[in-house]
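Beneath this line is the structure, given in structure tokens, with notes to follow.
Labels run A, B and C following the written order; every chain starts at residue 1.
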Amino acid sequence: MKFWKPGTGRAIETIGAWMLGGVWLLPVLFAFWSAFHPAQFSTSFELFAPLTMDNFVRAWSYAPFPRYLLNTFVLVTLILAAQFVLCTLAAYGFARFEFYGKNVVFALVLLQLMIMPEVLLVENYRTISILGLLDTIPAIGLPYMASAFGIFLLRQSFKTIPKELVEAAQVEGVSAVGILWKVYVPLARSTYIAYGLVSVSYHWNNFLWPLVITSSVNSRPLTVGLAIFGAPESGVDWSIITAATVMTMAPLLVAFILFQRQFVQSFMHSGIK
Amino acid sequence: MSTITLKDACKSWGSTQALTNINFKCENGKLLVLLGPSGCGKSTTLRLIAGLDTPTSGIVEIGGRDVSNLPPVKRNISMVFQNYALFPHLSVEENILFGLKARKVPKNEQKKRLENAADLLGLSNLLDRKPAQLSGGQRQRVALGRSIVAQVSVCLMDEPLSNLDAKLRQEMRQEIRALQQRLKMTMIYVTHDQVEAMTIADRIILMKDGVIEQHGTPEDLYNRPATAFTGSFIGNPPMNILTPDIEFMEEFSSMLPPGSTPSYLVGIRPENIVISKKSGLKSSVLAIEYLGADSLLQCQSGEQAITVTVKGKTEISKGDHLKLNWESKHIHLFDGKNGKRIIDSARGVTP
Amino acid sequence: MKTKFKLGYWNHVNGWLLVLPAVFMISLFTHFPIASNLFHSLFSMGTVTRPATFIGMENYVFLMDDDIFWKVLTNNLIYSMCTVPLSIAMALGMALLINRNIKGRSLVRMSFFTPTVLPMIAVANIWLFFYTPEYGLFDQVFSVFGGDSHNWLGNPDTALYCLIVMVIWKESGFFMVFYLAALQQLSPELKEAGLVEGSGKWYYFRRVTFPLLMPTTLFVTVNAVVNSFKLVDHLVIMTKGGPDNASSLLLYYIYENAFSFWDTSYAATLTVVLVLILAIITIFQFIVVEKRIHYQ
């Protein structure tokens, strides 16, 4: 075994990991570089190029980014709240009750894991327009509110809760709703956090469905706003586009850097079935 | 020849010193047990010998060759792990042959060794099973099989029986001992169970806090514990370690070696204490545990708790006042400060 | 789990009441549209003056003759066949690289994972610039080695592969996380047993690590394949499927038909194909999962 030269093989791997990490971060670093420097520096790198906030100011003035940000924020919150309620109830039903057709219904629910609402955007657009909700924030969220993924995760988590705890609560005379609220939900806390983070990042970043369903500033989320702003035909300067791009990704990125461990673990958690 | 020698081996992780100056020699074909409570450094010592860790300083020799910086594979050893380390996706046969295939041993040789080992361990009709389909004892045998087919003379065992139930443990340890003697292996065996150590070992090294407390035969450790810790670790129930007060000293001066002072610790095994009508240490019975062949009396004398073993079921009941006595030859004297055995010149006994 | 809850009857009612809201919503936006899609694919495109009429299989006949459809489908297959194995291999490599105590481990892990939390739209914007002729990063790097300027995204031969490279960058870190989780669940004792038994790195990887990661690989593969069919955000920014549909993917073609050409019935027909593909993946997954060896 030649690799066992204490140090060398390991050092090569460490350096390899760093280099790959560096390459991986490059596009993001570049975006930040370009956003904070005058336009002529986005194509040439100079360490001491002057910093500027000008790109942000101009992006801010060209398009209603505060409004987009607010829309995204409302959207993400709305979806998450609805998901928590709907998925908790359904997961509780699937995890704890025996009813006719349970397995069939559960299998049907899981179909949504594979065929997500954006795949069916033609028909979903039709449904939303029949409901008269075109170009509204709830319309963006509606197809995602009952999430098979959330139901699945919570059901798994509920099923691992020891039966003794439930029985102890029953002996104490706690009702079925009380058991859900006082036993299941608190014990599945980490699953809620994990699912919450995954859901927020998904919907913060979601694009195609919001693109087709929105048509005005009043409902457009950040991603769609950015796409329209950055379209080549808009003729806006490159560094201003990167400033807008940075604005779009910054909130999530900052949250990610602050709660890195939590994020990574949540995504891990959500993948272990 | 595969004598194993450690010379001043030290291991530290950052500022934590896991092992300090470990020196010992395990002769070829002997079974040496590394014994001690958890965290004493026994597993770390084994890992230094295996090459899974390297000593911070000091030397590990196997068969007279300095292997301190060699990878495990170059040390000609085999190892049985606490949780057996069987590959869950491979069958028993593939598990046993894993190392031989890695080392590209010829196919027919592989087959021969496999048959041998399977015969020896009674695994012949389990070869196609996956580890998950085996009982704990069978998994243990597969792990043993893997180290047998390697045909190396050094076998390292890291708490190999700790996952088995009591009855199986007893069977397996006899089997391991028989196997070791039959194959003339040099074996280093880590355990925290003193009964296991006493029954299986040629020699025992008792460790505590990263240092060797005592190295000797099982009889040495039982009869002449080098420290109060050894005394209380070996033997079941453990040795009573008494801190004599002045009163005690006065009463028992006759039973103690001349020149004893209250800074000594007095060790006396429960089975060596007799209940006397006439004289002895006054104590009262707090509790009685009946074990069948023996009963244990939990007694209290002043501040001290003393355990006494008596034969069979006893007439004594809780709350009785007893006088405890013992022959002076059964006394073990330890230094009150460092717990070391004190040379008993009167009896010419050296620790 | 058969917990009796007062009367069996109430068990059924309560169970149904609990799952009903979610099941209704899911049906409304998944099952119902699948059915109605199938239905609409049998009709002609309706206009203001001429309502949609039943035309049977005509849309499907058109589809079979639609060169763009075949082009897009081929693109999507190439796209999947490249992004899925490459990003999985990348992910596994990354996970193996940082599944040990190296200096700056969490920093490296963070940089691998960062693309995952970024919106595809933002990513597409950044990479669009990388691919810009002359000024873009790629051309600048190439010019150092004396290369000519390329119109990376404007060239039908390279456009699709440019997207593939970007998607691998975006997704590898995401899949890496699952490998990391799986690697952490492997007992270190196995690794040590491997060392004692004299297995080299590659031998150990081939015979132990990789087989033990199989369930994760399956999970990740299915995820990656599904993603390669349902994530087309970047096309909107980077190529709009062009040039000449060279980089178009199935879902993007559906989007174009529905919302640029307003041919919703043909879009519905295309959607039927996409749903079929996803259904096949689902069935494949179920079969393999059923067969999957349960180690523990």
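Convention: contacts are C-beta pairs under 8 Å (C-beta built on N, C-alpha and C of every residue); 3 or more make two chains touch, one makes a residue touch a chain.
Remember, predicted model here, so these are calculated numbers, not experimental data.
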Far-end chain from chain C, centres as C-alpha averages: B
Chains linked by the largest number of contacting C-beta pairs: A-C
Whole-Å gap between the CA centroids of chain B and chain C: 56
Euclidean distance of C-alpha centroids - chain A vs chain C, Å: 16
Numbers and ranges of chain A residues touching at least 2 other chains: 1
Contacts with 2+ other chains: residues of chain C: 198, 200
Residues within chain B bordering two or more other chains: 71, 73
Of all residues in chain A, those that touch chain C in their complex: 1, 3, 10, 13-14, 16-18, 20-22, 24-25, 27-28, 30-31, 34, 42-43, 86-87, 89-90, 92-100, 102, 105, 108-109, 111-112, 114-127, 142-143, 145-146, 148, 151, 159, 163, 166, 176, 201, 204-205, 207-208, 211-212, 222-223, 226-227, 230-231, 238, 241-242, 245, 248-249, 252-253, 256-257, 260-261, 263-264, 267-268, 271-273
Chain C residues touching chain B - in the complex, by the definition given at the top: 187, 189-190, 192-200, 203-204, 207-208, 211-212, 214, 293-296
Chain C to chain A touching residues, read off their complex: 1-3, 5, 8, 11-19, 21-34, 36-37, 40, 94, 97-98, 100, 102-123, 125-127, 129-130, 135, 137, 140, 169, 173-174, 177-178, 180-181, 198, 200-201, 219, 226, 229-230, 232-233, 236-237, 251, 254-255, 258-259, 264, 267-268, 271, 274-275, 278-279, 281-282
Chain B residues touching chain C - in the complex, by the definition given at the top: 50-52, 71-73, 77-79, 81-83, 85, 87-90, 98-99, 102-103, 130, 132, 146, 150
